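When the chains are written out, they are named A, B, C, D, E, F, G and H in that same order, and each has its own residue count from 1.
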Amino acid sequence: METRDILQRLKNNEISIEEAESYFRKKPFEELGDYAKIDTHREIRSGFPEVVYCSNKADEHLIQIYQHLYDQYGEVFGTRATPHQYEIVKEVIPEISYDKISRILKYEKADKKRIGKIAVCTAGTADIPVAEEAASTAEYMGANVERIFDVGVCGIHRLLSKLDTIQSANCIVAVAGMEGALASVIGGLVDKPIIAVPTSVGYGASLNGISALLTMINSCANGIAVVNIDNGYGAGYIASQINRMGAK
Amino acid sequence: METRDILQRLKNNEISIEEAESYFRKKPFEELGDYAKIDTHREIRSGFPEVVYCSNKADEHLIQIYQHLYDQYGEVFGTRATPHQYEIVKEVIPEISYDKISRILKYEKADKKRIGKIAVCTAGTADIPVAEEAASTAEYMGANVERIFDVGVCGIHRLLSKLDTIQSANCIVAVAGMEGALASVIGGLVDKPIIAVPTSVGYGASLNGISALLTMINSCANGIAVVNIDNGYGAGYIASQINRMGAK
Amino acid sequence: METRDILQRLKNNEISIEEAESYFRKKPFEELGDYAKIDTHREIRSGFPEVVYCSNKADEHLIQIYQHLYDQYGEVFGTRATPHQYEIVKEVIPEISYDKISRILKYEKADKKRIGKIAVCTAGTADIPVAEEAASTAEYMGANVERIFDVGVCGIHRLLSKLDTIQSANCIVAVAGMEGALASVIGGLVDKPIIAVPTSVGYGASLNGISALLTMINSCANGIAVVNIDNGYGAGYIASQINRMGAK
Amino acid sequence: METRDILQRLKNNEISIEEAESYFRKKPFEELGDYAKIDTHREIRSGFPEVVYCSNKADEHLIQIYQHLYDQYGEVFGTRATPHQYEIVKEVIPEISYDKISRILKYEKADKKRIGKIAVCTAGTADIPVAEEAASTAEYMGANVERIFDVGVCGIHRLLSKLDTIQSANCIVAVAGMEGALASVIGGLVDKPIIAVPTSVGYGASLNGISALLTMINSCANGIAVVNIDNGYGAGYIASQINRMGAK
Amino acid sequence: METRDILQRLKNNEISIEEAESYFRKKPFEELGDYAKIDTHREIRSGFPEVVYCSNKADEHLIQIYQHLYDQYGEVFGTRATPHQYEIVKEVIPEISYDKISRILKYEKADKKRIGKIAVCTAGTADIPVAEEAASTAEYMGANVERIFDVGVCGIHRLLSKLDTIQSANCIVAVAGMEGALASVIGGLVDKPIIAVPTSVGYGASLNGISALLTMINSCANGIAVVNIDNGYGAGYIASQINRMGAK
Amino acid sequence: METRDILQRLKNNEISIEEAESYFRKKPFEELGDYAKIDTHREIRSGFPEVVYCSNKADEHLIQIYQHLYDQYGEVFGTRATPHQYEIVKEVIPEISYDKISRILKYEKADKKRIGKIAVCTAGTADIPVAEEAASTAEYMGANVERIFDVGVCGIHRLLSKLDTIQSANCIVAVAGMEGALASVIGGLVDKPIIAVPTSVGYGASLNGISALLTMINSCANGIAVVNIDNGYGAGYIASQINRMGAK
Amino acid sequence: METRDILQRLKNNEISIEEAESYFRKKPFEELGDYAKIDTHREIRSGFPEVVYCSNKADEHLIQIYQHLYDQYGEVFGTRATPHQYEIVKEVIPEISYDKISRILKYEKADKKRIGKIAVCTAGTADIPVAEEAASTAEYMGANVERIFDVGVCGIHRLLSKLDTIQSANCIVAVAGMEGALASVIGGLVDKPIIAVPTSVGYGASLNGISALLTMINSCANGIAVVNIDNGYGAGYIASQINRMGAK
Amino acid sequence: METRDILQRLKNNEISIEEAESYFRKKPFEELGDYAKIDTHREIRSGFPEVVYCSNKADEHLIQIYQHLYDQYGEVFGTRATPHQYEIVKEVIPEISYDKISRILKYEKADKKRIGKIAVCTAGTADIPVAEEAASTAEYMGANVERIFDVGVCGIHRLLSKLDTIQSANCIVAVAGMEGALASVIGGLVDKPIIAVPTSVGYGASLNGISALLTMINSCANGIAVVNIDNGYGAGYIASQINRMGAK
């Protein structure tokens, strides 16, 4: 313990008051340097393990990160991985698994305890990759996840027939492209927070997801907040934070 | 009959072939001059009476148009009128009536026969002015109109409880601002054409109706086409054209 | 009949009032589950057969859907198919045909009865793929279709020379990219509903079709409503709904 | 209890099985009609009282709504009220109070029990009206609220000096206009969900809040979701839902 | 003649080579200072008189400019003037005249000779103020102007009936708001340059003229170039330049 | 001569007045059909030969068009051709030539007489492909063209040193990407019409040419009108129309 | 000195090592609280006095801030003040002065020493209010300022005639609306940093300054960086920072 | 010296006054032609060597430019080079070096003296290519550069721990994509000018860097100006200009 050491040495007359004072006069920001080191214990602070954003990472860099996290935590989880990245990581972590749909590259502990429930809903089948990213993230963060796919608003009975399941979740992730109306309809049917994820599914005036994003941001329903287009990971993360509260 | 007259005079040798030929050599576009005149009989051609767009019309101009149409057809109908315009037109057509909500300034024949049915639905109460413009237009064009207001998607039961009425119409006008999801939900529940009207209701990222417009254009449901933001008149017009077919 | 059964058993004292009440207290949404099942008979409800959106469908998935629909209805129709998708579907449905221009992959019953008339017009030759998607969809939905291509507004005589045909249709589909003015000009010449389809044809400030979309949404002509950029299918569908009414 | 009544009358032989059956055969959507009525008990369902969006409400309409909610619940809460609306409501509910900053018009029960904690932070003083709307909403929904204003990122020490308070909340509402970076910085310092509210504060390229909205949607920090520009109410609502979970 | 003077004095040994050299070593930009002075003779250089953009000019400043130009040229011409500006200028130039529609405040010499012909066309009556600004500007610049108003594309016969006049002009100014298709249609009918002026006429998705601007920029017709939204002056100016060539 | 024939036969009593009248009563639009035929003589009408837009043309289609125009006029000119298109056209027209920079594929008569002068200026070297499209088009249309490249505004002396040449042209084509300021600076230095061509040169906030387009549309200089992004052909065309007037 | 005091007391055995340690173990963020206090000495840290953004400040709040700063520094400076704000501040600081053009409300010490030179240039006269905000800010920050107004690029000689003055400045502020090309042209003529300020001057496609902002951001010239639309203050501030370096 | 030569020959009577006068009468713009030539001495004028923008340069052209600059200055520096360009330039300049990350292709003199200090900071690792372009440019321009990467605002302690270094620079370059908040946070911690560089890092609503650009332009901090998206070179250039002043 450095602080105690300084104080002891002062008391022992091994250093002068001036020397001790100089040590403690360090600007607050230097102390923050220590705080930064603590950040390697990020899992302890946030309660969630670190996640790797694989997109555009250099091969050697990616291998190092996977190796490091795997060694430290016994598990590792990355989003937006390519098949090529799967190949190279598999060489160092043979038990790694890759899901082509969600593009998640992970090794997850077998005995992970999951709590609460998050419902991950999609409007169409084309939204499933983003939804799977959200669902897998939430599961890695320790949540039970119910997948309810292809319940878009232009066939409202499909959604209504799943209402019990949706209503019983602590948090709903609503994933939709094109007109993105799913979140609003769910918003009128549940009393739990909804995290809306616009997707880039669609063409023409969907503007690569901007249209769905606007729809969700303008929702007339209560209890809806929105993350970036195709950001399944971000939705899974905040939904896990909320679920953790509800599950307590 | 000018054409016949020329031909008669040719046959009577009152004019030469060259003179007649010169008359008929007129470019096609001159003939269109006659066609243009026919246009004053627009009602006969389209089957619908002419409608006045009152916005920004000069006072004298507006009075003349109202007087002229009223004299010719015994009725007159204008959209986006101001209270001031009501005052000035009332001086020349005392029986004119004005509706503050829809901003429609009209005198309509009492005995107008109406056919078929158009359902005009709104997501919220704030969309009613635009919906009333659509409904009144359709009524003036000779359609029966069912008004179904405040059935937005964030309270889906309200919409579902009106489904019978909506399904029995020849055409549905779906009026919504904010996230504009109403048309998509109705689209999944009916088998008739839906004319979607985005409104400028909302704030922030509603972008004065652009967000609702994009939602409607991107609808995943079948049988939806869209008109301009707040264009109740346009929706009422095309819905009347469709209804007229269905009612035959 | 389950309801009658419950009532009979109550009357027979085989169940208590409380048991009966519990049965009927089921939330309305459970009943909707039954309604959802009816949806497998979608053709009966809308009067139109189901259509496959082939874009980005997984190979196995696409084959299954085609096989299933073909078995059930004796015909099958899909849009935005790739040559590769044609190859794989042909293996299971050898009589399937593929049109490179419209990207439609279909097998259509030979003896289909068609009614009414839809005029599908394009501004230029580059708009033909979208127009063919609309035309083929409408034909599959049972409409007669008249194709009137390359009649853009910068050569107005080409359009005018086809006016008889256009005026005799129950509904016009106007397909145009670049400045997208075709719908407005037709709108002034006919008294039938026009479904306008902006296309992504153009470059620079055409903004991939947004410019044409805006033009059509802002049209000064009556009787025009708009679908998404390049959405030939959507235009063909709603035009068929309208034509069906006019043809009755 | 209508259902029990019918069953009882059947059992009493006062009605026939057919009559009872007819009652229960009502389509699911009719049942939903009942559900809609239940909606007046919205407070019971969502656990939160109804809130009035005063903007653009007609005077008579507003008075009726306030009177009705006040009579039913003994309290009433509205957002975006004008001083004029305060005047007219005060005539029927003299104990109503109005806050010029947040534009909230309410009468709240004195003995309301509050749970948990929500931290409502703003980047600048100009964001306070939106933040107050969020804070007052959350308080009305039963949450304790800590207000931490003017802690924008261009004076990061102000934010850091309040870190203890922020970290101890169940949910943080981050309100910011201009560049809207507040949410990202907080996101790196807490492990609780953050609801980000862009405001229309700023000028020029702030695009009336669109710039701040984009910043927040693109945040690199975990645990952030976004509501509409200036939507303090929406943020307060979803934050209350989250806080309720954390406070259990 | 300063240059000759220096050279003479050098030859006369009145100055040294070094002194002469220093004179001629002046940076080219100093010479440009002289060029700048010539600019006060702008009329001579461009062949067109100077025009005042009245919008937001301070009262005293405007009066000075009008007085100065009137004194120098015997005529003066300003655009976007307010009635108030008319009042204050009239006090110093009693013969000034003001046109409420075009907002032009001018005194023009009675005996101005005009050459050639420019056709100024509008789609609707609401576009007339912008068209009048163009027409009056062109007349002030010395062109004959033919006004052809309300010939929008949704009533194509109106335009066709004026074709002779339009085709006989050296340059056409096509003024249109909303969907702005007028220029394209004219472009297919004439072989002269067309200056297209989008106007802010319209609402909703017209985006204050951006929609019409995009339409015109994307025109499929040959011989069209575009000026800023509502920029009648700019169109009148360049049309006059073109007309002057054609009239030679 | 069909008209004369009818008249003669009437005069000869071979047909009745009614028969003649029926012939002449044909709707104006039928006459327009004839007008359409005249369009194959487009060169005669506009004074300019037809030009092929090669982009995305099917191989067989392109070959046919080139063959047809070459046979009819002895020359042929196309824009936006690919090297592949050059290869296939060369097989049928061996003397065809292709310019990689401008992507123009043409055979031009050797003895073409050129008139007047057009100055085609670019801001940078990256704008040259678009400028060459403009210049070659103008030359094909019969104009003399002066190429003045790489005279962008951030090195103003380069532009000023070419001023004589620019000022002596009948029309200036100003081609620029990035900030697109070239047209404005030239606009202050010449008294001839300037056709401004924004290019998609640039990156980031250049928005593929939208930024340059906006700059040019907003120019404070007189005598500037704008064509679409990268539309060298369009600029060359209208510049040729203007030059033709100036050269008379 | 608190730290020394603690250490002294430890050495004096007045407190234990544990007590001292507890004092120094305070989280770094508490130390930052002290740092925050230092911020009231902001002038000392940045070398520049604090400036008040008056826009939308409540009356009482504004008076307090002005009083406080005036008392503390003997001078006070605010931007975007209204005439009303001038009136109310004048009551407490009678020597305050207000400039209607720049909307600056200030009292500045008479004997302020100014260093270096900043050239503030505008394209037009309508840009002067923003330029004056920049110039007055820079003067308040201690810079000499040269005002060079109305030297827009469409009259390039005006700019060139001022080149000596511009080239002799340490930093140039280039203020322009409409097409905003001024910064690029200056960028090619000087070797000093240029701070470009887009203004909202213009109409139509100027998009309230977005067009000028894009122009400046895309500048092809070296040494240009951009601030927000109409942000004269921001430009004056950073220009003063740069000038201070150059003047050392 | 040409001017002196003319003068001498005049004095020697070898040429007449008229001949001399004719020489000096050349329009100022001709003089500018000389000025243009001086531009090959650009390094002398701006104090910075010329830099090659390699993107899309033709191979032969690029080789020539590199050869020429290398011969003239003994060093050469280009941005946005491809590996292919490296290969071809290496053939003529074997000592050329290429950095894959920054895409810089250069040969730099070994003994270059560097002055002052610029801090180049990035929010994330994905921003490093742009930052390296800035840093290498600044080093080539003669500045010392401190690289401080991956100090984004969602882990504020990382930034704070580097504060000493950042505060000691003459100018800070802040490079960030996604929400782009880095510049604002640094802006509150330093008193030196900050050049903000938005990057296209991100996805969805990052709009290829537009979102980060807007954030930076709207920054609430003082002393920030912005360059184009991904424009590391531009930032390095202006930062070098500023650093040069501070280092004097």
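Keep this in mind: a contact is a pair of C-beta atoms (placed from the backbone, for glycine too) under 8 Å apart; a residue touches a chain by one contact, two chains touch by 3 or more.
Given the structure is predicted, the values throughout are model-derived calculations rather than measurements.
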Listed chain pair B-C, B-F or B-D that repeats interface A-G [over half of contact pairs the same by residue number]: B-F
From chain G, the most remote chain by mean C-alpha position: C
Centre distance in Å when chain C and chain F are each reduced to the mean of their C-alpha atoms: 39
For chain B paired with chain H, centre-to-centre distance based on mean C-alpha positions, whole Å: 59
Where chain E touches two or more other chains, by residue: 27-29, 32, 35, 155, 160, 204-206, 210, 213, 217-218, 222, 228
Every chain pair in contact, whichever chains are involved: A-B, A-C, A-D, A-G, A-H, B-C, B-D, B-E, B-F, C-D, C-E, C-F, D-G, D-H, E-F, E-G, E-H, F-G, F-H, G-H
Residues on chain A engaged by chain H in the complex (per definition of touch): 27, 29-30, 32-33, 35-36, 39, 56, 198, 200, 208-210, 213, 228-231
Of all residues in chain G, those that touch chain F in their complex: 123-124, 152-156, 160, 178-181, 184-185, 187-189, 202, 204-207, 210-212, 214-222
Parts of chain D lying in touch with chain A, wherever the complex brings them together: 45-48, 170, 191-193, 195-196, 213, 217-218, 222-228, 234-235, 237-238, 241-242, 245-246, 248
Residues of chain F touching chain B in the complex: 1, 3-4, 7-8, 10-11, 17, 20-21, 24-25, 27-29, 31-32, 34-35
Touch list for chain B against partner chain D, complex: 126, 155, 157-158, 160-161, 163-164, 203-206
